[in-house]
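The structure is given below, and queries will be raised subsequently.
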């Protein structure tokens, strides 16, 4: 079961905006095995969505440019595929669930037809069989088949997000990219949708990359976690590594910022300062201007240190110092 | 903190909107009071009327029925000069730091607006000094005063919104999801700021949010709303430790916990929040409630089940074995 | 975020306006046209109404660069002189229509209810009348002449502006900064004209710059049926209308007035785009 399915090697993406260069993704490497879920955690503008769009190859042509790296999906470097072959990869191998279900659906088409369209784009089935399948997909996500001919505005937010999930799953993708799939939803609905995604994933042994800023969602859904800051993975590990033994100062800061984690304490331990300007990233570690432990060496080359097993961290702190987190754990 | 007479008192407040298919009972018979320096958290999902409640109290919307008392004075229907005075004492911090600032006004002008309208300042120079003081108070760098809102990040914009709300030294501030549009690390900064300001200036907050972990951190009391009605009201820790209403229980269990070793025991709710248009009498949560029974169709009362702990559920004692 | 505090708003505005090459081109073109119209007639050796029957229909030559018309009058001179009227006519009527449209639109959109219903129904009736008919009626009623023509041209263009502005206001009014202005005791006037107006004028600016061209041609139609500016006072539209009859034999009679109108409209449109960008603080560098 643990075959390597997706491998992103040293991916770099830049955007050009008003003659300024935005360094969105700065050398990201990801490995994902079949059936596992990787959580990408980070703040707005950290480059999470850009990574997903690069894997889908749906970055805007004019503004964005992949300046380096490879994306291997099931043994094929998809960055080298011609556009028409990429069309087949999209939908059949990779599918994406977008953040905002309100804008991801065409308001003038019935939800059933929108699923049908996806199916027929990849499958040469006749309309009747396609409609059957679209109906099956609706039932799969818990919407009665009878609502096939209704329009998006007749659905509530949570229902729309289910339709979006049905569209993403319509062609049995092997990799699902979920970009903040529940951010626009209420907690009780979020819980329903997350349950649904988890069940479907298990049923079809789909791999998933879940993009979110909500550490709670990660805790409940993911196997591995990559913490992203300014377009770089600053810490990577199994869920247990990250949640019980966070090593990077940024990860520690993120946990400290969560209200309700430390009941009784009045002030939150916020991370001071702001995320860096992506057009002028600081030298060395992008986090050092906000880091409470910053030293002169932080402005130089940052080593990637192995802490234990697959747990890695990009920080100048000594290996021993980082390993200490295991002796203490998170208080 | 010694003053325990309520600063703001809301009694049976109702706000109905006329919609094509009938009456939308956005806020239905909500009552509470907040003392000086205290924070009431109002929690609920989208569409439960929590934002409408805040806006009705501070007179951005006209109440359909019920009363709002500020310092014991009924301000529900005051007009003209009295309304102007009441509004100076009650302010609001909005959810969306992007749309809550006029994109064409510079930061300094935005903060000077309330000073200008109040007529308390004789010269522009004095207003500018006051604006600078406010900017310092909320932690906005002085060199940003000539910037436009879009040049600032969400956290800073929210600080500008806070400065604008505090400009006239209000006694009561409605915080309408002030941090839900911000990133976690920035969210913590803004929450800390709000708490510090409350300590310094002694305002009462009504903190409207859908995020239970945020209110747990900031509020003294919590009011849970469902479809326009208050279903549970209790001091914060009491509510979290002894949750009584089935909806509050479901809401609490749905928050994804960051504790990976405790598997979630989720109460699964059927369906979704419906709309509060022409509601039937009886419990509005009954359609999704796992404990719904025949008696739930009768009109429900918010009753004090435990000291200071109010619940609107006729089966409450039964369910919780009290 | 570097900014020199000394830069005054108007200087900053001009710098931003003239940043792009297209708006710069528009600005130079328009300035050139205005300057030529203002001072050109003084430089010309010919009088604007000098009839020279020997030079009837003379084509462009060294003595008469743009040729002469049916009465032997120098077209270039008349073009420069007529430009004053045409530009002033187009500009003033388009601006007047825009200002009235914005005011009524903002009032209707902000107040809503009965005031909105009244204004909008009135505009519906108003725009049901064909624009040209309205123009003719007003011109006939008020008589010919510059002022009457401005009014006639303005009136037909108000309803469009009202509708457009009202639509913008309806979208903008829902935003929280308007509520914020209310909660800090902003007066209705302040909310309408300090908060709403600057955020809804953008599309009107573009519409207005474009409508100047059609105003000029509309004025020409009025002249053609004997209303509007009276001959022998030259005016671009009227010159175009006069030359129309001879289009086969003497195409230069309409080429040059037509070109003048086209160039002016082009300049205004280029400038309009630049104006839109310069007015939007979001597009500042």
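Read from first to last, the chains carry the letters A, B and C; within each, the first residue is number 1.
The rule is simple: a residue touches a chain if its C-beta (ideal position, glycine included) is under 8 Å from a C-beta of that chain, and two chains touch if they have at least 3 such contacts.
These are the chains along with the protein names UniProt gives them: A = ABC transporter ATP-binding protein; B = ATP-binding cassette domain-containing protein; C = ABC transporter permease.
This structure is a prediction, so every number in the text was calculated from the model and none was measured.
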item	value
Neighbouring chains common to chain A and chain C (ABC transporter permease), by label	B
Relative to chain B, chain with the most remote C-alpha centre	C
Gap in Å, rounded to a whole number, between the CA centres of chain C (ABC transporter permease) and chain A	52
Centre-to-centre distance between chain B and chain A (centres being mean Cα positions), rounded to whole Å	32
Mean-CA-position distance for chain C (ABC transporter permease) and chain B (Å)	50
Residue ranges of chain C (ABC transporter permease) touching chain B (in the complex, touch as defined)	1, 3, 5, 175-177, 179-187, 190, 195, 198-199, 281-282, 284
Residues on chain B engaged by chain A in the complex (per definition of touch)	45-46, 153-156, 183-189, 191-192, 195, 210-214, 216-218, 250-251, 253-260, 264, 266, 268-269, 272-273
In the complex, chain A residues that touch chain B	43-44, 156-159, 186-192, 194-195, 213-217, 219-221, 239-240, 243-244, 253-261, 263, 266-272, 274-275
Contacting residues of chain B [partner chain C (ABC transporter permease), same complex]	55, 58, 60, 84, 87-88, 90-92, 94-96, 99-105, 113-114, 117-118, 143-144, 146-148, 150-151, 161, 164, 167-168
